[in-house]
């Protein structure tokens, strides 16, 4: 509850900060303070201190899994703010509002990680989605941004319709929106629950950009201002994943066998389409958009497997995927040329940035000794432990191999190709932070113990 | 502590090398570091009795049932020695070569060494996988950065090819992990409860990874290209040392873990190996590029080692152990010669060379000795290895095909003579041409390196006993696992 | 046929008919008007089921506020029948066919739904009354109610960001 | 009335909405069709709510099914918010391109 | 005299030391010093060999183990030397003839640059070392080491003048053909390991190969012996692997004398003699050996009839004589074969060195058509060469007569057809040798004026070996006088008896009655004499200087065997290599591998087209997917 309330309040504060202070620095500072506060209060709740005691009447339920996820999401957002604060200011005039919207999204994510009623799920997803429609269109005079925003909005609203029909059918069958009530049953899938479950699955698949409901993703990620793409592709996506696994794990966990094949098909499609399409991209940004689809495919393994390892893995993967992606976007956002050629010879001019980017890319590709490997390891383990989806595992690794191809294209461009890298304005703070992130990626890649400890403490 | 040192010294010194500005400094420093590693590994070999010093088990991921478990067993000793010997040799041999951005080059080389050491030492499946991949990354960067014209595409192919294999292995490892009480330690892997059917498909998952690395026909096509395009120093690492990872993988992580499947599929794999040997040998005859020639020859030699493993015989296994070392030494020797030739003449085309023996007699003599070792002439080290390998295959009690395999694979003995002698003759004998007329002989440091190699070749060839004794324990242990777990 | 049943069918036909008209009308303004008709029919259904509050709100919010907003925007853009070029005939057909198929499939899937044969209470029952709804809204549903405010805030902020001229 | 009638009616409305989304090119009309889909859901929710009221009412749960109607209320709330944002986006688009034809939205592809 | 046996190791080690000194310090040492090192090391080996021989003659045989060479599981292969009658005899021949040839070389090679001169001696010493390993090894693996070692040295020495590519090719051919044989040898070793678990000849506790022969089935013995024989055909230049030996004449002539006549090529005979018990128990193999030997003898003899290169004639004659030795082995006349090895070593080394002397005098002219009438200019060479020719032609009492007769007699006892053909070969031998002799030394000089001007007898260091060898060639026969001529005077047979004792037990003794033996001897001697006389008369007057025609051309072109091999092995192999390289490696395997990459790329290009940018089609695709999933979930499952 702490995170929900504080993020909502801080969203409002940010909203007004723009009105009261014209100084962007103040706004930025305020956002940092806010996110830090948010992080702290979330941790407090994690360790048992509830600032607000509200009887939610079974609407929300806070467990360590969700709170831990919140911590990760908020932490990543903090990093994101630190890295991208300046870049956000370049998008448009309404900097304070952007911050406010991001805080509202965080509020939505906090709800998504703790809902225990379909109503709250619906609200959470809408609270997450609506600010994103706006952030996508934040670069108002850029037609691409406009287009992305409209596409996102239309398809998002459509998927909301699908989701509502799903919720409605579930309600019809079970007579309640409460997750607990829905979970009751004798383990057989009745037609109406089945239909509702499918519709919910589709709409959530849409939100996490799983194929074949991923079509909005490349266009939106490509069109949106790069700073916000970074946010959407990482933290938001992870938040929606938490909602996804929470709903399907808690409410439909008993019926897992009935929908496992479908979700496995979706996963396979996501992996294949995401990876295949990324291969031929010319723009790094668009490649990253497809790669985010591909990564979503891996995160879906946790749903396919739906076991302890999968859940832990999802948290781990979130971190292992978000940090590098945020890092790469933070570098990308300062480049003028988003094509692969734009990276040619970067290693010579910006050795530090090139090295850091390489580490991030290696992590995304899942090379051992980076966080990405442990993430993939967890996901594959979960699927193998589940035992019914070995074919999916094989597809997964083949796709992982394909992913190496396009991630390494960037490395090739930076290191092995001659070229005049573009001028990049970076501050030493920016660089330092990126180096820290890279170090962190390697640290939890080599010594995941630290994170695992957290996970196991809260799962036991 | 020794095994940890073997990994940590190259790792840290490699990282430190990134910080050295001057080329000379980086060179000296990395040579020094590799020499220290060599000393440590030699100490490791002398401490056969002291089991405690030869293994270390540090906490790593207790929650996943994995630990930083490294042990210097017989096979580890021989391979670590090879690795430790190879790197100073390479550094010395390429002392006169100049690499742009030298610090990165040497740093990556040392990191690669750390990865190799780790893969040879790891007694924990997850750790093994870690190092297995980690050895690959520096190799990738080295090849792509300092390689030939087609380096980017070729090394990409190499990387993805081996990466796919590794991922298959990862699946296998995880699967076994769940059947080994959620533990990655080698002991639990050895006692994993797996039905014959499971073993059978797991076998191919593991085998593909190792087969690509070795490489085994028909998964070998990355190799000649990569060897050709890589800077020779890296080629030495790839073919001299890294190839052994595949063999080690089969010996340590495949055969004892999945003994039934190994027995069952032994002949199939053996057939591939034999085909590969003949095939690669015939192709080697056709090559005009020295590097490709040696690459194909290497495929043939490794095929024999793999064959010997899969017929499950003690002699063969012992042969593999010693041959892993020998092949490393010999092939590094050959690469050094190629490197010297290429650096002097700027070409590796056999057809463009000739008559070098007149101008560079020392080089010629050293090459001839190394080549003779390559064709396994008696009293060179490779003879011991090949003799045991062939004996093992022929006398195998497991494979019915032993004599047939030996007879067919034996043809490679003849073919190897054909291509090796061809190479010697066309490069060194005959008359000089425009290119080689102004050739000079090799420098003293190069002479020393090759001289050491030649001495090693002859010493092991004449008195292989210490080496055979070193690995005897490992061989017996593995053979017992491979044999007792079989239902018969 | 009782009055209820008659009303049900009448409203249903009205709703479906106007819904179809929404889709097929060439002129956007007509579409809006047909949509309002649909909303009225649906409100009729609500009232038929004695869900008075929802029925009224539907009229006020949807038919009144939202649709007027739509109408404004359409007027603002000065759209008329000809402003929309013809879409590819085949694509249109595909859209209709797939929509129809979806209906068929969903109906077929729900043919043997677990709630089959259960009755819907008509013209009676007080859960649709404003008092009861209000009570529930401010007790059991107070958390979502409050949280909905965040949604509005963000929508508000968003509209400002998007709609504000000047940059 | 039996619930099947409402289910079929509502699904029909829902699918008409979907068909509308598929066949029209005008962003506003598409949006309207989506609203139609939402209303179909609303209708079904109310019907279910009344159905459950009957079914559960027998078990002495006075306010059974009321949450269905409340959900409808929230859907309307959300729809309203969505409409405001959506129309704002459409207007912004129109201001830049003088068109609301989604077929012209193809700068971003492949 | 146990201590002499302790010195066995010095026999091979001394030449090795010589090799190391000459090899490593080839740039520093002066020519005389090199010669000194080279000759002295072999000479001291010879001296020790003599001591050992005397010791062995007194019955002191034994095996000396040095260290475990290879020891894996139950397989123990010690590095051990065996001093017994057979090896002692061979030691004498190798070191003795070897020393003479070293000595001869000091003069023959004196025009070489010092560095190459030293290299030459280093190679020679290395050869002696390898040959001694081959002889002394107490098991098959040590023998194999020497076996391949001599092959290597042969390779190095044939290609000694490495600037010439022809020579290089000849060297390569020799090595590769030897390797083919070596593979057979190796397989035989593996077979022994498989069946017996050992490769040692004899052991103290009777667990050596020869002790355990009774454990082997006939199939095993036949297989092992046939494979060993394959090895022997390679090294000893028998059909089908003989073609390298004539080409090997590319090397310096002393090398041809030492390696390709006297020592290395007899290694096959040594090996079979060593494992005689195996062969005795494998009659099938024996027949094969005899037939191959005889066929080789005849084939090579026919070719030799029409050769005009002085060394080529000798080379084919060597092949032919080796064939006789194998015939001997095949019919169980082991002693005879060994005897012939010994005598052949003397007279063939003599002939080669004589030829070398001629070539030396003629300034590297090797074509006999350009010689003639050298008798006067080169008296010592002429005389010794004549002795050699008589010896090889089998005229009593020269050595060749005794040894050849012994083989032929045994062949007759085994199967008279062997004898008929053998005698035919012997007649040809006599004929072509004297054709050579007559064309070279008799008649008119046909060389250039300049050659004529420079003709001179060779120096003492060349003629001394000639003289010594001539004496040996003339007299060595007396160590094995046949029973019929002088009872109990076969000293060699008695000396070697322990080696062949086991075989003798198994062999069915074919004893010819004395009258038959006399007839056989008479026939062959008279035939040879007629051939000699005819050849001398014919070629002194009118040497055939024209290119051969008709059937003669077939012979001159060596029955086109090289071309045949080229056609069935070399060219198909090349073709196969090209085919594999183009169609399989690049066209299939790599194409598939790259094809995977290409198809990923292609698919990528196609798949991304789905991302059309059109919201309508996106939604349509989504709805269709929903449809499909619904159908799957509700209508397809179960």
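Just so it is clear, A, B, C, D and E label the chains in written order, and each chain counts residues from 1 on its own.
Definition applied: contacts are C-beta pairs under 8 Å (C-beta built on N, C-alpha and C of every residue); 3 or more make two chains touch, one makes a residue touch a chain.
Just so you know, these numbers come straight off a predicted model, no measurement behind them.
Hopping across touching chains, the smallest step count from chain B to chain D is 2.
The set of chains in contact with chain C as well as chain E comprises A, D. Measuring from the average of all protein CA coordinates, the nearest chain centre is that of B.
Highest inter-chain contact count (C-beta pairs) belongs to C-D. With every chain reduced to the mean of its CA atoms, the largest distance from chain E is reached by C. The geometric centre of chain A is 77 Å away from that of chain E, both derived from CA atoms. Centre-to-centre separation of chain A and chain B, using mean CA positions: 43 Å. Put simply, the C-alpha centre of chain B and that of chain C have 71 angstrom between them. Inter-chain spacing, taken between the CA centroids of chain B and chain E, is 37 Å.
Residue positions of chain B touching 2 or more other chains, listed in rising order: 160. Chain A has residues 119, 123, 126, 130, 133-134, 137, 140-141, 149, 151, 154, 158, 169, 172, 191, 194-195, 218-219, 405 in contact with two or more other chains. Chain C has residues 87, 91, 94-95, 98-99, 102, 106, 109-110, 113, 115, 140-141, 144, 148, 151, 154-155, 158, 162 in contact with two or more other chains. Chain pairs that touch one another: A-B, A-C, A-D, A-E, B-E, C-D, C-E, D-E.
Those residues of chain A that touch chain D in the shared complex are 119, 122-123, 126, 130, 133-134, 137, 140-141, 143-144, 146-151, 153-154, 157-158, 160-161, 164-165, 167-169, 171-172, 175-177, 218-220, 222-223.
Residues of chain B touching chain E in their complex: 157, 160-161, 218, 220-222, 279, 282-283, 285-286, 314-315, 318-319, 355, 357-358, 361, 372, 377-379, 383-384, 387-388, 390-391, 394-395, 403, 406-407, 410-411, 413-414, 417-418, 421-422, 425, 428-431, 463-465, 468, 472. Those residues of chain E that touch chain B in the complex are listed here as 67-73, 75, 115, 141, 144-145, 147-149, 152, 155, 159, 162-165, 168-169, 171-172, 175-176, 179-180, 182-183, 186-187, 189-191, 193-194, 573-574, 576-578, 580-581, 584-585, 589-590, 593-594, 597. Interface of chain D with chain A (complex): residues 3, 7, 14, 17, 21, 27, 30-31, 34, 37-38, 40-41, 44-45, 48, 51-52, 55-56, 64-65, 67-68, 70-71, 74-75, 78, 81-82, 85-86, 89-90, 92-93, 96-97, 102, 105, 107-109. Chain D contributes residues 18, 21-22, 25, 30, 102-103, 105-110 to its touches with chain E in the complex.
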